[in-house]
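All remarks here apply to the structure that follows.
Chain nomenclature is as follows: A, B, C, D, E and F, assigned in order of appearance, with residue numbering initiated at 1 for each chain independently.
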Amino acid sequence: MTLSMLATLGAALSLLIGSGFVIVGVIGLLKFNDPMTRLHAPTKVGTLGIGMLLLASILNAMAAGDPSMHELLIMAFLFVTAPVSANFIAKVSIHKRTCEAPPKPLKDGTWSTLDAPKDE
Amino acid sequence: MMSIEGFFDIALIIALVALATGQILSMVRLVIGPTTGDRILALDTMVINALGLIIVLGIHQGVKVYFEVALLVAMLGFVSTVALARFLLRGDIIE
Amino acid sequence: MSLLLVVALPFFGALLPGVMNSAGRAACAGVTFTVSLIAFIGLLTNLPTVLAGEVVTARVEWIPALGLNFTLMLDGLGFFFAFLILGIGLLIITYGRHYLSRDDNMGEFFTYLLLFQGAMVGIVLSDNVLLLLVFWELTSLSSFLLIGYWKHLPEGRQGARMALAVTGMGGLAMIGGMLILGQIVGSYDLSVILQNRALIQADPLYVPALILILLGCFTKSAQFPFHFWLPHAMAAPTPVSAYLHSATMVKAGIFLMARMWPVLSGTPEWFVIVTTAGLITMVLGAVIALFKHDLKALLAFSTVSHLGLITMLLGTGTAFGAMAAVFHILNHATFKAALFMSAGIVDHEAHTRDIRRLGGLRRLMPVTFGIATLAALSMAGIPFLNGFLSKEMMLEEATHTMLFGSEWLVPVLATVGSLFSAAYCFRFIGHTFLGPVRDDYPHKPHDPGAGMWVPPAILVTLVVVIGVAPFLVQDFVFLVAKAVIGDVAMLEVKYIKIWHGLVPALYMSIIAVVGGLALMLIYKPLLKVWETTPRPEAKVIFEAIVEAAARMAQSIIHPLHNGSFTRYAMIGLVAMIAAGYHAWTTGTVAEPVRELQAAGAVPIAGWGMLVAATAGLVLLHRNRLLALILIGIVGLMVSIGFVYLSAPDLAMTQFTVEVVTIILLLLALNFLPNQTPVESTVLRRIRDAAVAVAGGLATFALAYHYMLREAVTTPISEFHLANSYKGGGGTNVVNVILVDFRGFDTYGEIIVLGIAALLIYALTESLLNGPVRRRLLNRVPDQPRAGDMHPMMMVVLTRVIMPVVLLVGFYIFLRGHNEPGGGFIAGLIVSIAVVMQYMASGFAWTSARLRYPYHGVIGAGVLVAGFTGIGSWFVAQPFLTSAFTYVRIPPFDKFELATAALFDLGVFLAVVGAVMLSLESFSRLARRADMPDAEFPMDIDPSRSDPPPVQTAELKEGN
Amino acid sequence: MELIVASAIGVLTAAGIYLVLRLRTFPVILGMSLLTYAVNVFLFASGRLTIGAPPILDDAAITYTDPLPQALVLTAIVISFGMTAVVVMIGLGAYLGSDDDHVDDQPESDASEERP
Amino acid sequence: MTHWIILPIVLPALLAPFMVLTARHHIGIQRVFSLAGIVGLIALSIGLVWQVSDGSVIYYRLSDWAAPFGIVIVGDRLSTLMVLLTSVLALFVLLYAIGSKWDERGRHFHALFQFQLMGILGAFLTGDLFNLFVFFEVLLIASYGLMIHAGGNARLRAGVQYVLFNLIGSTLFLFALGSIYAETGTLNMADLAQRVTLIGAEETVGIRIAAVLLLLVFAIKAALVPLHFWLPSSYAEAPAPVAALFAIMTKVGAYAIIRVYTMIFPPELEVTSGMHDLWLLPAALVSLAIGMIGVLAARKLDRLVAFSIIGSMGMVMVAISLFTPSSIGAALYYIVHSTLAGAILFLITDLVRTGRGTLDLTAQPPMMGTHMTAGMFFAGAIAMAGLPPLSGFLGKLMVLDAAYSDDLVVWVWAIVLSSSLISVVGFARAGSIVFWKALGTQATVEPATDLSRPSALAYAAIGGLFALLVAHTVFAGTVHSYTTEIAEELFDHESYFSLVLDTPGKLSNPKEAH
Amino acid sequence: MARAYRWLFPHPFLTLLLAAVWVMLQNQISAGMVVFGLILGTIIPQITSVWWPDRPKSIRLGKMFSYVIVVLWDIIVANLQVAWIVLSVPNARLKPAWIVVPLELKQPEAITVLAGTITLTPGTVSADLSNEGHSLLVHVLHTDDPDAVRDDIKNRYERRLLEIFA
């Protein structure tokens, strides 16, 4: 088995794994019955799923003899931005009281989202 | 015995189908909600799945020039998520 | 003097009174008089030629291709009328100078009068029917101004409008008639038309043309049933009534009938229409005149009646009738103008024109009495006055005229008309001047100054002279009559004399005069009968018609244009769909030549998503935020579709535009209600849905149709693909098209974007400087707000990712020419990067640190693009011609330098500037009064509470 | 594939028209956006559909999709973006002035309106 | 290659951003630039008209790519005439805007004004259909900005409708362009004209639909009923000088119809017959009627004028839709006339608004400075209603004359003449209410303080337009023979085609193109 | 000299990052590219430094590297765990919980990295920060022992970050 074939095989496996994760993430999105728990599935599982697909792309390019690494950049962007998206969505749930109320923080008065300015 | 290329092609199709299914299921969440947070989350998921689709389409069609598209989606996709969430939190998104 | 000058003088002279207004009333009238006099003399200089039986002509080309030229001719008829117009005009000017009071604007009056005079002269001298139409309508307009001269009088306004509407309508109809004549003959020159009697009368369009032209004549000359406007025109100052409504304008219709007599008369249609109208008008006008109490109204209806008489004479179609008509025109002009002036004098002196309040003026105003009596008796048909002569001729003609197969109908009606005519003349004399002197005149009357009575006196002198010595004017009348009949018929022996023997006309005359006197005896009971007889009041009917027309117009226009955009859009869309459907059903379809491409699962799923999102959007659009999310999905699906279908540039643009659009809509939604209420009925929604489905089917069918077919020949894009690299220096053909092949489109496109931003900025300024500002400042948020305006995670992420995004933007910009990307997408990317910063740390904090003058960025962008285009001029190439070269500077790889990149830089700058200026404007609207500018980039920063931040101080200095 | 694209155009058009006929500015603007999508895809499709052959010159490529409609659509997207921004702003201005976001003129508001 | 023909587009397109960049806070400088630019434009357009007056055609390849591959600008007698008309109109409108200080009442008036000109002039000059779309968008978006200039509630509400309706129009334009490209594979007008002749009778629906959709697009611009609904409120609510400038915008639609439906889809073209030759004339007649009925129905002076614009466009379209050289010659003559007359009436309306405080057609206290205004209104109304002696009457005669041999001549004449009467009554009614009918005899109202009184410059601007109108009347013969020559040229395109399609550009050999 | 250096490179780490991104964007390496990347990496932070006024103390790159490795490993493990939870644990048996993580980290950059890490790793999402910034609110998807999760976060990630952002 040549390196190229190995890469193709790896790409195929990555594709399968990646799509599996993607599906699982979406299933989680559908299945869970609370906004906060729903948040877990796609932000993590989805991210890794896409990561695997990107890996497949890298391996595929390698197999074609035209190595390519810039997919890593996409992965980096996803990993950096996904937590912020999740953070904002969580804040929305807290603010809109659509999830279980969080406990009080240990040191400070309240959570920043709930710390609505008085005059508003 | 299936060739590696054949296996790869099948994997590609499976990936495409999985991503398409993912989109449809996310769409279901988007429509049923129930909270707007869920809907934004669904949109966010769809954007990320779209990114996956673009990548896999690139592999599938053997075209490399879709990279920039994927890059943009990865880089800017979260902006609309943040904007929508900020709207729910504050009303004014760039106050 | 050239005819052109005769016509032009009053028009150019019309400028003078207005200018002279400040120089005083005398100067004003003087200059007017002088102008008229010169024109009059100019006319007279042509008399010898006319008397010699020749026609004077003048011609200046105006619109030769249309056949409308300044072609003038002067023959006997024209001279006769022009003489009347200018001659009586001079008298009227003199009279008017004294008649108008100090409050009246004399310059304005004489300006209008001269305009009118010029138009009248123009009518009678025109040798081109289109030119004649021009003057014709001008008389309507100037008479509108003259009747409405006393703006404060409602009667003046109504009378003016009525006159304009009626005569204007006739004029418009006449346009049709004249055009038909011109088209039949092949020329609009009157002299040509007049020579084609046979051709015209044989044409199937003769009758329509005749009717249309007669409509013009009848309305102008106040013939039944259009007689009603004339009495209401009496609201005009008396000089106007005397001039327009007795001597000149109302004669325009008569003139035209006389002028067209050779080609239009002599047919049964002409005879029946014209004679009948004339006859009815004559009788009706006379009867009404008898019962009018206003002197001017009485005279006005008498004018109607006499015009009817003349019309009837022209209608008979005989040469004798034509001659009688000409003679009566002359006579009527003299006595009627004198009568009007007399009435004006009475009004002027006694301050009333109501006959019931007058009487006995004979003693107080002997001069006026003399003038008025002679004129009135002439009108009554008393021998030795000119009115008698022409009336005799009319009665003579009547006895020879058979209408509707009856021999006695015309003679009897003519006698009845004359009888009533005599009666109102007697009433005019009797009830105004005779009887005892009263002591209740509104103002003590006495004879006016010579300026006012000399003009009518001159006219009355003519009345008597012609009456006594008709042979003096006989040749002249003969000349004019010959001009009327042309070579159509031969005039009989000279007829104009006082005594013809015991002919039927004499008996009829006697019956009329005696009957008239008898009517005066039973006037009071007669009046009672008249007043108790219900009859249509023309003015009321006219006003009602106009009101009804206006109301009908309103009921058509206002409900249709009720400000309902949805209706407008509905009508427009239905029109579009219907037009497309019509084109479709009337066209042909052949078999498709392309095969359907197979669609895999992914496109089908994508299609499903798109349809689902779209359907969801339609169903859930009332939740506006959800609608935005859904439209985001539609955009996302379209982007992916573009990727799938080999359009990466489109996908990138679509995606980035989508992000910015959602931000924009969210900024707006902040102010707007978050929900759309249910307002439309189910029926309406079904209707809308039906139109929507029809539209959807239409675009579906159209797209499907052509996707399975080929263009008729090779698309021009073959050339683009072949020459993109060779001639444009880029491998991304889309980008090369954008910046090179069709760079001019892109140039326009960035200008659109720049304008959009300027507009948004300008509107924001307007709003913030208007009443909206206060409301904005005190706006209460429509939803509870969360804390933490500027979350730490977002701020930190932005710090790192924003430079990276800028880098990527630069990358996309650079490689756009060869790979997907380009200035536009790069501009959007950079804008989104800045928006990230805005969203992270807020508008105030962010812009306080880097305030780009976005206006300038837009301006610079458009200028850079523009000057790049102009740059090619310096190498003698057309605007926007690109040039490129490849450079190698170690350690860098070989790279391309292209003017297209400079152009793309302009695009980039314009996009950044436009997007940022728009977003900035929206943010400025959202600034609230209670909100202090953020001091820190993030609200929560535990590191801040420990060591005080040093950098902020530095920063403050820097800004 | 052609059927999918054509029907997508049809669906977008229909939905766009339906929303354009709504009574408030916001849905009407959304409707305009949908119509813009529809027409952009329509214009794009006028170059016919090609899969996997982007118009980026490449020695290895055998065929290309028609680049011209793509350029036209790009122009159209940009222009309609500008138009959207403008109509949103004008609609917002109108709403802020009158507290009413109906697209139709309201009969009762006619009488009370003053113009500078 | 000389660059004069591109300058009418490039000059305002550079001037506007330059003003934005350097002088956005200095109204005085903006005025100077703006005026200088327009004077330059006029000089340019006179030169261009002069250059093509012998029937030659100026052709300009943008980016040096030959037609049909690149965009070309084509200046013939028709387009240069429209360019001249636009720039002259713009000068007087701008003078009025300065004289009445309208330009100070909001931001960026002058930049938007220049951009507006760029869009209009570009639309007249381009030889490419998609480029025409771009210029339509430029002129539209600038018109949105000008229309809502100075803000205000009613204006913004009307603005929303105006923008939305035109967005539908722009969308339709793209549908039409897509169909045309799909059918023919080209966008250049001359090339298109040649390619449509290749389309066989066996399949005509595609090109038929394209042709009819395009017609509707232009009909919207030309305010042809039933696509005219956008016009009344937006023109009535727009600031007066803007509405006056808009008088030329409807003509862009008329121009486009003339150009496209004589050159690309002429009536004799088999594959598209039985559509515009069937529908255009009735629609034009209805427009004429609706417009003039609207004049009679109007309750406010500004709407009256707006409806008169619809009516005059109906008249123009009647003439165009007869599609003969003489009728199009008449249409062009009438286009010049109605542009000037419409602008005049809108500016006078502004004087009335300033003097009287309201435009309601109800009795009001007498207004200040009536004399001059009333006289001008009277003259303007005469012009618009088509009464002699002004050019409206002459134009009407030309149209009627040209219609004589048409099958629908009775309809044309009946509607032209009766709508004329209706408008005469309407104008007389309105004029007598505004200028004659006054409530009581109390002192005249002082104009409200916020309404700055127009200066002598404003009056002079209107006077200038009148002078043009008079010149258009006096020299009607010359103008008419010129417009008739233009129209004849429109029915004989060979020189245009050969110039545009056979001139090589960068890397192209014209022989290969076909 | 130091002043000039600080002016030229307000965020040296960012400069390197940008250069790296630039090279990756090109998808190939050449000297010219690196140089150009460094040039851009110098210019762009210049422009954006107004929005990043604070100058974080230097980062220990070595420790950072090992941190990244740990996190990447955890991400893979976490994904498998969460996938398992998604697929096998019925909603009724799911035990989500809020946990509060008291923070010793002070620097915003450090806290953000921690929060991001938490979101990317085992069944946890960082949801909010307390109003003074001394506690982090974390949501756990499924746990029997919330305190253990908290301790894990503090020991495994925060401790390392304290060293990195020393």
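The definition used in the following text is that a residue touches a chain if its C-beta (ideal position, glycine included) is under 8 Å from a C-beta of that chain, and two chains touch if they have at least 3 such contacts.
As the structure is a prediction and not an experimental result, all values here were calculated from the model.
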item	value
Subunit F reached from subunit B - shortest hop count over touching chains	2
Where subunit D and subunit E overlap in contact partners, by chain label	C
Chain whose Cα centroid lies at the greatest distance from that of subunit D	F
Farthest-lying chain, centroid of Cα atoms versus that of subunit C	F
Computed distance of Cα centres, subunit F from subunit D, in Å	40
Mean-CA-position distance for subunit D and subunit A (Å)	32
Centre-to-centre distance between subunit D and subunit B (centres being mean Cα positions), rounded to whole Å	23
Separation of mean Cα positions, subunit E and subunit C [Å, integer]	15
Of all residues in subunit E, the ones touching two or more other chains	130, 134, 137, 141, 144-145, 148, 150-152, 156, 160-161, 164, 168, 175, 179, 181-182, 187, 233
For subunit F, residues contacting two or more additional chains	21, 25, 27, 115-116, 129-134
Of all residues in subunit C, the ones touching two or more other chains	563, 565, 567, 569, 573, 644, 646, 648, 669, 699, 702, 706-707, 715-717, 720, 741-742, 745, 749, 752, 755-756, 759, 763, 766-767, 770, 781, 785-788, 791, 793-794, 797, 800-801, 804, 808, 819-820, 940
Chain pairs that touch, as defined at the top of this document	A-B, A-C, A-F, B-C, B-D, C-D, C-E, C-F, D-E
Subunit C - residues contacting subunit F, complex	787-788, 791-793, 795-800, 802-804, 806-808, 810-811, 837, 841, 846, 849-850, 890-893, 937-938, 940-943, 945-946, 949, 951-952, 954-955
Subunit D to subunit E touching residues, read off their complex	20, 25, 28, 32, 35-36, 38-40, 42-43, 45-48, 68-69, 72, 75-76, 79-80, 82-83, 86-87, 90-91, 93-94, 97-98, 103, 105, 113-116
Subunit B-facing residues of subunit A, complex	5, 8-9, 11-13, 15-16, 18-20, 22-23, 25-27, 29-30, 35, 38-39, 42-43, 46-47, 49-50, 53-54, 56-57, 60-61, 66, 68, 70-71, 73-75, 77-78, 81-82, 84-85, 88-89, 91-93, 95-96, 98, 113
Touching residues (chain side subunit C, partner subunit B) in the complex	600-602, 605-606, 608-609, 612-613, 616, 620, 625-626, 628-630, 632-633, 636, 639-640, 643-644, 646, 648, 651-652, 655-656, 658-659, 662-663, 666-667, 669-670, 781-783, 785-786, 788-789, 794, 801, 804-805, 808, 812, 819-821, 825, 829, 832, 835-836, 838-839, 842-843, 919, 923, 926, 931
Interfacial residue positions of subunit F with respect to subunit A in the complex	21, 24-27, 75-76, 78-79, 82-83, 86-87, 91, 94, 96, 98, 100, 102, 115-116, 118-121, 123, 125-135, 137, 139, 141
